[in-house]
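Report on one structure; see the data block that follows.
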Amino acid sequence: MSFHRQMTGKDEIILRRAAQEVQQGQTINLGIGLPTMLPIFLPATIDVMFHAENGCLGMGKPVDNGTPDYPVIDAGGRACHLVSGAACFDSVLSFTIVRGGRLDLVILGAFEVAINGDLANWTIPGKSTPGMGGGMEVAQKAKRVMVLSHHLDKNGRAKLAEKCSLPLTAPGCVDTLITEQAVFRRQNGRLTLVSLHPDTTLEIATSPFDFKVPVAQKLETWRA
Amino acid sequence: MPHKIKNIAEAVTAYIRSGQSMMVGGFGRGGVPFSIIDYLADHPEQYKGLILYKNDANEPDLGIGRLLKNRQVKHLYTTHIGLNPAFIAQMNAGEIACTLTPQGIFAEKIRAGGAGIPAFLSDIGLHTSYAKGKEKMTLDGQNYILERAYHADVAIICADMVDQKGNCWWQGSNRNMCVAMGTACDHVIVEAKEIVDTGRLQPENIHLPGVFVSAVVRAEPRRHQQEAAA
Amino acid sequence: MSFHRQMTGKDEIILRRAAQEVQQGQTINLGIGLPTMLPIFLPATIDVMFHAENGCLGMGKPVDNGTPDYPVIDAGGRACHLVSGAACFDSVLSFTIVRGGRLDLVILGAFEVAINGDLANWTIPGKSTPGMGGGMEVAQKAKRVMVLSHHLDKNGRAKLAEKCSLPLTAPGCVDTLITEQAVFRRQNGRLTLVSLHPDTTLEIATSPFDFKVPVAQKLETWRA
Amino acid sequence: MPHKIKNIAEAVTAYIRSGQSMMVGGFGRGGVPFSIIDYLADHPEQYKGLILYKNDANEPDLGIGRLLKNRQVKHLYTTHIGLNPAFIAQMNAGEIACTLTPQGIFAEKIRAGGAGIPAFLSDIGLHTSYAKGKEKMTLDGQNYILERAYHADVAIICADMVDQKGNCWWQGSNRNMCVAMGTACDHVIVEAKEIVDTGRLQPENIHLPGVFVSAVVRAEPRRHQQEAAA
């Protein structure tokens, strides 16, 4: 199996901004899709350990010409190298790490994110139910959940909604949402716009919302 | 002690029947017992009505994807089916039952079955549709789902190195669900990528002791690899 | 820690008889004390695997001059070799083996055994409570439980009682009791005398009991 | 990533306080962090009122036997104390609380604490005095004990080979309770018999990944061994 994806300009903006949120020494789980490409954008000075649900801590770079039969794959099925100090284990220990709260950061994609931090990313009933995989557990138990998403979906609707219409992966779990236009952080229980990409304005970024999005009094400078 | 090495037909005939529950190792391709599955898929009339436990649904013409396509499976317990659109269509058409469980809870339920633990409490998915209809319990004022153990008649798993006593070792991320499944079934058939002499695996580094294993079979060259090479 | 014990003539009779009960290919757990000495009496043609609660399957001969610091000890603290094909693991997997019902045979000592198969071997309240260790689990979950014991305790009372007076390790678990005078097997829920040592008689062997011990219609020849 | 190697005083000062709950690895002598325990026993005024979880009570002047003798422990959770008559006397005199649990359930409760499982069902000891006063539950007509997870502030364990990231490997029967304890505590101090360079342990053969480990200290020559040699 594989979840390869061509990177767009928007993707790159999101990934560069997300890389700024990563801290030295963290244990990080990357969801399928966009998050998988984050490591490319991390500076060489950052030393973190990537966790994969299928049973590795210390996932490294993708293997050139790696096949899905390669003995180390990430949770998306991509052949990967291991870094020095990596450990391999079984699914049971892998989720002991997850449910034991050992993940400092998990970076996920989303179908929908609600203003209160609710996350929906595992089923669109009647249409597509890929399954929750390890998503419920990482979303519920990681110390910090960051969602990477385009500001608008394919139909031009904002990914950040007042309320999720789809079944939840986990309630109130999203701490940070990064789109190509803005960064939202959960403050007082609500995702609050705290930073704008230089190419957009507050009016443009908030115009797709049919509800009032909280905006920080003083915006952070966009980092990338 | 007589060694446990058998050929695939012997092992399957000895331990697998239509209508049985069967755990199948693997996450993606690692740990999947492709040779045993291909044997079952090549004999669809002899092995049907199976209840399967498998992390994911593989791809349509690969691994348990073949069993699903042949309609040899009546119920699939899994965590992720995103990669098998043919199966999703079958499921949406009501032709097969499918139970989706969060991956770590799926692993933990299997492990519990192996460890003689009939049920455990968990808060995973408690405030989602996953929790609907599930038994709940309150402990110290917190609400939990009562998760029941999984146990099956037979497990088929693939390991990288296996000795004649059935001691198993896995490379990289190939271990995944295989160890837990290997403890949770009445019989376990291990497909070995490499069979090594007893004593070659260092005792401390054995991932699944042979006591759990009924038979060891040799992995055959993989059909999809042969086709890809052709 | 260590539980060494000098072997007496009675011990040897019990152990020689117990060795006859072991079957090819079995997975066996040996309790502290007398049972630990069983392997000495097994014929070389018997190939079995000994399980130790602390985390080994495939315990072999004691190490000459082995200290308690030796990296492989049995559950009684004695330094041991490993046989070829042995596996080492942690306590959690060790008891997955036990509770999963993978032990074919467990051989234990006892304070008391009741005629219905009840076993008491972990506490004498107010006097000695060494603790149950792994005893409750092996007694409750092994496919077959065999107790080795002197026919009489130090005070001349029969070890086999009508009812246990001490707190139980597990109820109704004892399948076989071997003393230097007799073998008892559980038949129809009651430990039944099925074999007598040639040096004793039914009258002598049953005289210490203040209750009627079931006796098989046809006694087995004593094997050793 | 900064390495985790500290000296014993640093690690103990950083992570251990009077009144804390502490899991201590080991079964017999294997896996027992003797150097860390000796440090605690040498500072009895600074480390007291401890709640200990340990498979067995060691011997009177060895390992946690020293902490018990110094009366630094207020409660001992264990499975076997048969070898420490001094402690048995203390317990019988009511000077220390002691909770005895069947060994596999003891291990399983610790593991559950590490795995985010608040409680599980078990039939071990159900018809014995062990079950008295414990919460019960019926499932499918069978009665079970509800066993609660153990979790502690700190674990101290001893491993045979440890790298700078805290990845651990155990020889022979030394692993015992150490892995489960290493997952079930807020902080874990590993006493290493040998510290090896990161990358030397084969990833597949690591028994406890370093993510669980707060600090690694070097095992000192053992006091009782020195005395025995003197």
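Per-chain numbering from 1; labels A, B, C and D assigned in written order.
One rule holds in what follows: a contact is a pair of C-beta atoms (placed from the backbone, for glycine too) under 8 Å apart; a residue touches a chain by one contact, two chains touch by 3 or more.
Only a predicted model underlies this, so the values are computations on that prediction, with no experimental measurement involved.
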Review point. What are the chains that chain A and chain B both touch?
Key: D
Review point. Does A-D or C-D have the larger number of C-beta pairs in contact?
Key: C-D
Check your understanding: How far is the middle of chain B from the middle of chain C, if each middle is the mean of its Cα atoms, in Å?
Key -> 37
Review point. Distance-wise, how many Å sit between the C-alpha centres of chain B and chain D, to the nearest whole number?
Key: 34
Revision key, fill the gap. Averaging C-alpha coordinates per chain, one finds the centres of chain C and chain D separated by a number of Å equal to 29
Practice item. Scan chain C for residues touching two or more other chains and write them down. Key: 56, 82, 88-89, 92, 95, 98-99, 141
Point to revise | Of all residues in chain B, the ones touching two or more other chains | key: 108, 111, 115-117, 123, 170-172, 175, 203-204, 207
Check your understanding: Which of the chains touch, listed as pairs?
Key -> A-B, A-D, B-C, B-D, C-D
Exercise for review: Would you tell me which residues of chain D are touching chain C in their complex?
Suggested key: 27-30, 55-56, 58-59, 78-83, 88, 91-92, 100, 102-108, 111, 123-125, 127-130, 160, 170-180, 207, 222, 225
Revision key, fill the gap. Interface with chain A, chain D side, in the complex: residues 1-2, 111, 114-117, 163-165, 167, 183, 198-199, 203-204, 206, 209-212
Check your understanding: Where on chain C is chain B touching in the complex?
Key -> 24-25, 27, 47-49, 51, 56-58, 82, 84-89, 92-93, 95-102, 141
Revision key, fill the gap. Listed in rising order, chain D residues that touch chain B in their complex are 108, 112, 115-123, 139, 142, 144, 148, 169-172, 175, 202-205, 207
Practice item. Sort out for me which residues of chain A touch chain B in the complex. Key: 1, 52-56, 68-75, 77, 82, 88-92, 94-95, 98-99, 126, 128-137, 140-141, 167-171
